[in-house]
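Heads up, the thing below is written out as C-alpha cells.
All chains are identified by letter, namely A, B and C, in their written order; residue positions are counted from 1 within each chain.
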Amino acid sequence: MKILCYGENSEWIKYSRIIIDKLGGYPYCVTPSRELAEESSKYFEETYFFNGGVYEPSKYCRAILEVAGRIFPDVSLFPSTIKGRTIAGLYAGARDESIITDIVDVDHEDSVLKLKRLVYGGSCIATIKSTLPATLCITPGTQKPPETSRKGSIEELRISLENRITVSLNPRVGGGPPLEKSDLVVAAGRGFKNREDLEMVRELVSLTVNSAWSVTRPLAAEYGWADNWIGISGVTVNPRIYLAVGVSGQPLHMVGARNSKIIIAINKDPNAPISQEADYFIVGDLYKILPKLIEKIKTTKTSST
Amino acid sequence: MKILTLIKLTVDVSQLKYEKDGSPLVEIAPNKMGDSDKCAVEEAIRLKERYGASVTVLTVGATRDHERIIRDAYAMGVDEGYIIEVEEYQKLQATTIGDIVKAFVEKTGPYDLILLGAGSLDTHSYTLGSIISSKIGIPIISSVDSLSYNGSIVKAESVMEDGVYVFQAPPPLVITLTTEANEPRIPTLKTILKSKKMEVKKLRLEELGVKPRYVTIEDVRKYFVERKKIIIDAGEDLEKAVETIYSILKMEGLVK
Amino acid sequence: MDFEFSEDELRFRESVREFCKRYIEPKWVEIDERGRIPVDLIKKMGEQGLLAIPVSEEYGGMGGTITMAAIAAEEIGYHDPSVATAVYVLLNNGWPFLMEKYSGEEAKQEILPKVAKGDAFYGIASTESHGGSDVAGIKTTAVKKNSTWILNGEKTYISGIREIQELPEGGGYFLVAKTGKPEYGHRNITAFNLIVKWNGKVKAGWKPTIFEEIGRRGISTGSFTLEDFEVEDKYRIGEENKGFYYLMEGFNVARILVAAATIGSGRWALDQAVEWIRNRRLFEGRSIASFQGVSFKFSELYSELEAARLLTYRAAWLADKIYVEKDSRWRERDLNVPVALCKLKAPEATSKIYEELMKWYGAYAYTKDCNAFRGWLGTFSYTIGAEGAQNIMRLIIARDIIGSEYVKG
C-alpha cells in the first residue's frame, strides 16, 4: 500500500507517521515548505515540497495532485483541520475517490479500510468501511514516533502556483490560543454567582500555559457573561486538561468537552452529573478552592524564581 | 447574477436519543436545515436584495422534511427550489453529491456563486464545497466568517488557528460559510403565507445522469469515555483538593 | 377529525421559537427581575409580526388566525415562563382583533397600524374596584355631549399602564362604561377606544398609578382615574349599549391566548423537571426518576398539561371557524364553554407543575438562583383571577351544561 501524506505542520507530520505504521504502507509526504520537508524526511522515505507561501487551497492541492500523479497512492492522508479538509476535498474531487473526515482510528483488512469517525456533533462514533483508493482526514493527535537518524529523500516540486484568488494573512496577535487549540480549558458554570467572579477564572488562565476559558450555555446565552460557550451548540474543545468549575455537567455541555484527556470538576453538589464524567471530582465550594489554587500557583512561582 | 445555494437536511443533534445499546435513534430525531446552510441562504438573499440576484436552492433527499426545508428557504426569500430525489440520501458519498451538483449546474447554470454551509453537526465532512469546486472547475473559498461583495470582487475573511485569512477573487466562486457569517433572518407570518403557493421542483438521479455511490457504515454507537471518577472532598481537606489540581496542572506542564 | 397543525402553523411556530431563542430567552430573567420588557424588544416583536396577528393586513396586521396567535403566546410563554412577554403579546393580539371587528374605519386606520408595529399598546380596561367578575356593576360613566363622550370613573388591575407611558406613541384600551340608567344592568354598557396617550402626548383627565406585583413583573399593572376625560364619538366601539357583548367576545379570544401562554410556561417547567429528575441522583447514585413516586407524578402532570393544551387549541380552532372562516354552523356564543374549559384547566395544570417541580428541586427552589419561582408566580396570576376568575369559568360551564335556570350566577 502506498500512502501519501500532506504534511501541514510538524506535529501532524509526526502523528501521521503513526497512522501510516498502523496501516502498514510505504510513506510519501508533500509539504508546503522546505523547512517542513527537512522535518518530514526524518520520518518519511520520500518527501516532496513546494514553496506554498500563504495558504490557498487550490494551489496547494495542485502540488499534492502532481505528486499523486507520479506515485498513484492507495491512501492519502490529510489532517482534519479547516485547511486540511478544504485541500482534501479538492484533491478527492479531482481524483473522484471517496473521502472520509474526522477519523479517530484506522484499521484495515486486506484492501478494505475500517475507519472510526465521530458523528452527530461528537456524541457518536461510527465505524465505516472503505475501499481503496481513499482520501482520509484524520483528527490530529499528539503522539510521536521514536526519533530516528534516518533521512529520506527530498525533492522540490517545480510547478506553477499562479492563482485567481489573492490571499493575505493577518497573523493572530496576543489574546491567547483559540479555545479549540488550548491545552487547558477552564469552563465556568452556574456555580458562579456574579459576573465579576469570573475574574478568578481569568486570573487562573493568565497563570497557566496555552490556556483559555469559556462558560456553559446559560452563562453566555442567558446572562451574556461570555461570547462563546462549550457544548453542542457552541464550541467543542479537546484540551489536555478540562477544568470544569461550578458546572453541573448537562449532556449537551459534556458533548463539547468529552474529547478532553483529563477532566477535573469542582462542584459543591456531590450528585452533580459531572461526577460521572470526571477523572477528578472535587466536592467543594469554588469560592474557597479557586482562590487557594491561584495563590498556590503564585507562591510556588515566586519561590522557584 | 445567479446564485445557487445548497442546503442539507440535518439531524437536530441536540435532540438525539439513544437505544439501550447506545445506538442513536436517528429516525425519530427531529430534522432541520443545517445551521451554516441557513447562513448561506441568508447571504444569498442579502446579495439578491443589493444586486438583484436570482437565488436557487438545491437539496438532496426524498422525505417530506426535504420539501419543508425548501419551503423554509422560500419563506426567507429564495426564488426557486429543487429536490434531487434519492432514497438513501444519508449514505451518499460526498463525491456523489459533487457529481449531482455538477450535473445540476450543467442543466440549470452557469451560476456566479455557489454558496453552502461549511459543515453540519450530524455527519458533516466539511469537504463538499471543495469537492464541488474540483468537479465544476471554479475556485473555492472555504470556512468564511465574513463575506462582502462590491459588484465585481468577493472579499472573504476566514479565522483559522494562525490568524485571519483574507481571500479576494471575482466570481464565479464556490464559497462555504460558517455560522459566524451572519444572523439568518427569521421568516415572518407574512412571508410564510406568501411562500406557501410556490412550487418545489423535483429531479431524479437518472434525469441528471448520475450514478450514486454509497458509504458503507458498519455501526454507530454513543461515544463514551471511561473516566477515573476519583472523588476528593474539599470540605474535609481543602489543602489536598488544591494540591491535587495543582499537581495535575504541573504534571502536564501547564503552570507558568 | 384532525389533530395536525398545518405546515404554515408549524413553520410559524418554528419562526416564533427562533425569535424567542434569539431575543427573549436571554432576557427573561432580567425582564422579571427589573420588572420591564425593554421597549426595543416590543418594537422587535412588532417588526417580526407578533403583534396584531389576527388583524387584517390593511390595518397593519398579519392577516393570521387565532390559532396562530395562540401558537405565538405559547412559544413566548415557554421562553419567558414568567409569561410577562406573552401577556404583552396576547393583549395586543386579542383586543386589537375585537376592536377591528366593531370599531369605525377612522379609529381602525389610526390606531391599529401603530399597535401592530409595537409603537403603541392596546389592552383591556374593564375591572373596577368592586370586583372584576361583576362587569354589569361597573360605575365608570360616559355621557354624550354633541359628538363627544365625557367619561368619569376609575379602573383598576389594568395591564400596560407603564408601557403606554414608555412607548413612543402611547396607546390605550378597549374600555367599557355605563351609558344609561344603572338598573338596565349589562344592557347599558358601551365600549370605547380609550386612547390615553397619542403621538407621544398624555391626554388630559387620565391619572395612572402603577402597582407593585409579585409575579410576571415584566408587564405593568395599575389603575387609573378618568376625570371629564373626552372621547370623540368616532372612537366608540360598535353600537351604543352593546359593549357588554363585545367585551364577552373579547374575553373569549383573550382567554384562549392566556391559556396558551400558561401552557407554554408549563411546558418549560416540565422540560426543567425532566432534566432534573433524570440527572438528580440520590441514595447510591439512583436517578430520582427511578422512583415511581416521582415518575408517576410526572406522568400525571404531563397528562394534565396535554389535556389543557388540547382544550386550548380546540377553542382556538373553533374561534377560527367562527371569526376567520365565518362558518355559519357556529355562533360567537358557542365559544363560551370551550373557552371556559381551557381557561379553567391550563393555569391550574401549570400551577401544579410548578409546585411539584419546586418540591423536586428541594431547597434550591427556595433560593433566587433557581428561576422556577418566576414561572410559578407569573402563571399563578391566572389561577387567582386575571382574565376571568376560575369560578366564573365554572359558572359559564355549569350554566350551559346544567342550565341557567338551575344555576345561580
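The rule is short, and it goes like this: contacts are C-beta pairs under 8 Å (C-beta built on N, C-alpha and C of every residue); 3 or more make two chains touch, one makes a residue touch a chain.
Remember, it's a predicted structure, so these values are computed and weren't measured experimentally.
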(message) Which chain is most central here if centres come from C-alpha coordinates alone?
(response) B
(request) Using the touch rule from the top, work out which pair, A-B or B-C, shares more C-beta pairs. (result) A-B
(request) Quick one: report the Å distance separating chain A from chain C, using the average Cα coordinate of each chain. (result) 52
(message) Just the number, please: Cα centre separation of chain A and chain B in whole Å.
(response) 20
(request) Would you mind pulling out the distance in Å between where the CA atoms of chain B average out and where those of chain C do? (result) 40
(request) Can you tell me which residues of chain A touch two or more of the remaining chains? (result) none
(request) Please give the residue numbers of chain B that touch chain A in the complex, ascending. (result) 11, 13-14, 16, 24, 93-95, 98, 121-135, 139-143, 158, 160-170, 213, 215-223, 225, 227-235, 238, 241-246, 248-249, 252-256
(request) Give every residue of chain A touching chain C within the complex, in rising order. (result) 190, 193, 221-224, 248-250, 271, 273
(request) Provide the residue numbers of chain A that touch chain B in the complex, in ascending order. (result) 54-58, 61, 81-83, 85-94, 96-102, 114, 118-130, 137, 163-172, 177-178, 180-181, 183-184, 207-211, 232-233, 240-241, 243, 252, 258, 262-264, 266, 270, 275-285, 288-289, 292-293, 296-297, 300-301
(request) Spell out the part of chain C that touches chain A in their complex, as residue ranges. (result) 25-26, 29, 275, 279-282, 285, 369
(request) Would you pull the chain B residues touching chain C in the complex into a rising list? (result) 68, 71-72, 75, 183, 186-190, 192-193, 196
